[in-house]
Amino acid sequence: MADAVFHATRNDRALAFRSPVTEPRNFRLVAIGLTLVLLAVFLLLPLAAVFVEAFRFGIAKYLEVFSNPDALAAIKLTLLIALIAVPCNLVFGIAAAWAIAKYRFPGRAFLISLIDLPFSVSPVVAGLVYILLLGSNSAVGGWLLEDFGIRVIFAVPGVVLATIFVTFPFIARELIPLMQDQGNGDEEAAISLGASGWQAFWYVTLPNVKWALLYGVLLCNARAMGEFGAVAVLSGKLRGETVTMPLQVELFYNEYMSVAAFSLASVLAGLALVTLVAKSWLEWRFADQLATGSRTH
Amino acid sequence: MELGIRNVQKEFGGFTALKDVSLDIRSGELIALLGPSGSGKTTLLRLIAGLDFPTGGNVFFGDEDASLKSVGERNVGFVFQHYALFRHMTVEDNVAFGLNIRPAATRPPKHEIKRRALELLDLVQLSGLAGRYPSQLSGGQRQRVALARALAIEPRVLLLDEPFGALDAQVRRELRRWLREIHDATGHTTVFVTHDQEEALELADRVVVMSQGKIEQVGTADQVYDNPVSPFVYGFIGDSSVLPVRVEHGEVWFEDRSIGLKAHNVPSGSAKLYFRPHDIELLDGCGGCIAGTAGVSRRVAGTKRVELAIGGAGHRVEIELPVDHPAASRSRIAFRPRRWKLFQDDIEAPNEVALPQPVAA
Amino acid sequence: MTTLRFREPSIIPGFRLTFGFTIFYLMIIVLIPIAGLFLKTFELDWQTFTEIVTGPRFLAALRLSFGASLLAAAFNAVIGVLVAWVLVRYGFPGKRALDAMVDLPFALPTAVAGIALASIYSPNGWIGSLVAPNGWRIAYTPLGIWIALVFIGLPFVVRSVQPVLQDFSKEIEEASATLGASREQTIRRVILPALLPAILTGFSLAFARAVGEYGSVIFIAGNLPRQTEILPLLIVFRLEEFNYAAAAAIAAVMLLASFAILLAINLIQVWSQRRFGNG
């Protein structure tokens, strides 16, 4: 009995006490509620719409798209592009991170800004610059076409180039801050023990940054498979040849093949969800081995 | 402002951070809460401030029960270990913050706020830095700003949580002296938390020694140093040496011999003998003394500390010798503590069992 | 003769290789193409250029693109702070999943988002049909464009504010409270000003992204000249007319805007670094 009284006063105290570092309960509930509503409307609704529209007329109709030759060609092309663009940017990302994080030289900050550039350039503009540079009526483009028979614009090479442009920052900007934080001590130790530069990289640096590398590859790949604006400008939309999955979604949609469009879109949405889950898992499991700071891309 | 802490209890989850703590602080006193980390000293300070609430018991400001008053209503000046300055405000704006946020009815006019802020910056010897940002100041300067900011609201009590903990030794000593001056000039009731005994003993009117959520002893520097009431206080404040002894019929025995210390009205049984390494007298022969073989010695400022291995078990105690003392390694040294204390074993509550006076052999 | 060193000495090998490759890659992928764009613009004489960039269709698209982006980024700044606050400060079931979902706009291909938004907000869609009886339309109006831009810009402010709020010292909030500030005053006068650089950075990133956004907008926009036509779409139209010079001129204007925003972001960071320091 006495015990119960004691507990009652204790709870009263906990309730009566106004913590100086949190908000009143009602405020908290309203804020959480508002956040849930906003995120539901702006994020979950579009995601749900993709799957609902895709399955609107049943699973058989949903599966039809996967026997559509255009759709299959688009899936193949998208995989091919990711298979080229991601490794290219992987090599670039490692090289750029090594050069920027391991050494001090004037212009480092500028170089970092330059690497961030694609994030603030419109994808359409990104596509346009390659048309101007490599189009058949430009000097370089004409030379490539006439002397080598290589068509870049409105062909697969152009689509690959555009994808590389919009995705090249992802891996580099994951690695640079992390390698800067980790400093040079490990590598210097390895080299003082007689390791070559390659050995230091392979046995010391790489194990230290492997999760950040995977994180960057994940984001790079998601964007490479999903890029629309830059690719749209450069592909010329030749069916079965230069049309990627996102472009094929657009073509289906504009031809009022809504189910086909959303079915193909659902594959991309699934990819996005897998990416998000893998990304969250990495952030949760290896938080200390990823770059800290803002994740704004 | 007098402070009364009555039977305060604080639990975090299942962990009891404060166990039935009572303490009275007189108006205008400078009090140090001293203890190792985890002793509950910061928790107690935060309960006084109202940054947290006691699970049981009450905190009185004068006659008024402040236990459930919010921190804003208590009007306390609180100085944090890491300064907690507002980085986006200038020094002057930091100091004026507490006045600027008052409701229009009680807010002094603008020029008055400015005057008071500058006056306080003068008091903490930072005049001329009013326009700087915290990031442009040194650690010691930041802590002065933090103090000026706390004083600006004319607090009823001033609370400081390890105020010098993040500063280097030189700055600490300087600021310590200066805090005493400020305290004497402003006359605030002041409570500060520290784990540095030197700081507590030098600065405070009274020292509150805490351990494991309880108050071990409250007293002046002399009291807690010369007359510790528990083995913990003896061990925590100042250097001490300990020897396991036995009391038999009012005499203190170590192993098979009497060491010449009288312990009247102490029940027979095993006990621990505490003494300060420097508070001993060296003896030539040994008819009732502690004798041991000198081991490693080290130089501490103007004296020499020698480790002695005592008795058959080779029990190690430290004593202090003059630098020019000829005691070489492995030589035999006999001594007897001048001031000492016995704490009986096997009694849960530390029990004062011996007189503090030196006892002649 | 003294040797001028470009970089500070280091025993770690590989500078030439990695630095050289980085510069080479950036040249090929970024610098030469962008220089080419400005060269193309210079092929235009001044009069033709001014005609393009003062034409009513261009100006309408410019106003729409920048106006809608500004409003979307501003809205994102407000709800971004709210979402970041809730995710950092409050606990509730499903929080981890919600936190992960915030990145959906980064991960979801823009074309997919575009058709999904168009279907939701079109007059017979889930939300479009709710407001249609009142004679309101969302899809194919500037409001629809705004919604798409809010969607793609949502993560920026959240993700730039979140870490700052996470690291924000509780002591500072307690200091404010001991000085007599109410919770509302602490938030308004102590916490929000400290978040300001992060909010501005997130706002700028969201704004830059919105101005250039194409895929998620074109399906919901309606794309009527001078009404619901955004700048990137105008470039695409000019390209389809093989009017490369006009496309380049519009792109040059957009690129300059991107550079200006990028510069603004860097200035914000330099400013906040100077004033608030690192620690």
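A few remarks follow.
In order of appearance the chains are A, B and C, and numbering begins at 1 in each one.
Just so we're on the same page, a residue touches a chain if its C-beta (ideal position, glycine included) is under 8 Å from a C-beta of that chain, and two chains touch if they have at least 3 such contacts.
Which chain is which protein? Per UniProt: A = Sulfate ABC transporter permease subunit CysW; B = Sulfate/molybdate ABC transporter ATP-binding protein; C = Sulfate transport system permease protein CysT.
As the structure is a computational prediction, the values presented were derived from the model and not from experiment.
Viewed as a network of touching protein chains, the structure reduces to a complete graph with every chain in contact with every other.
Chains A-C form the pair with the most C-beta pairs in contact. In this assembly, the C-alpha centroid of chain A lies 15 Å from the C-alpha centroid of chain C. Distance between chain B and chain C, defined via averaged C-alpha coordinates, is recorded as 55 Å. In chain A, the residues touching two or more other chains are 20. Annotation for chain C: residues touching 2 or more other chains are 174, 177-178. Looking at chain B, one finds that residues 51, 70-72 touch two or more other chains. On chain B, the positions that touch chain A within their shared complex are 50-56, 67-68, 70-72. Chain A meets chain B in the complex at residues 6, 9-10, 13-14, 16-18, 20. Chain C contributes residues 6-8, 10-15, 17-19, 21-22, 25-26, 29-34, 36-37, 40, 79, 82-83, 85-87, 89-90, 92, 96, 98-117, 119-120, 125-127, 147, 150-151, 154-156, 159-160, 162-163, 170, 173-174, 177-178, 183, 186, 198, 201-202, 205, 208-209, 211-215, 219, 231-233, 235-236, 239, 244, 247-248, 251, 254-255, 258, 261-262, 266 to its touches with chain A in the complex.
The touching residues of chain A, when paired with chain C in their complex, are 20-24, 28, 31-32, 34-36, 38-39, 42-47, 49-50, 53, 91-92, 94-96, 98-100, 102-106, 111, 113-125, 128-133, 135, 138, 161, 164-165, 168, 184, 187-188, 191-192, 196-197, 200-201, 219, 222, 225-229, 232-233, 245-247, 249-250, 253, 258, 261-262, 265, 268-269, 272-273, 275-277, 279-280, 284, 292-297.
Residues 49, 51, 70-72, 75-78, 80-82, 84-89, 97-98, 101-102, 133-136, 146, 149-150, 152-153 of chain B are the ones that touch chain C when the two sit in their complex.
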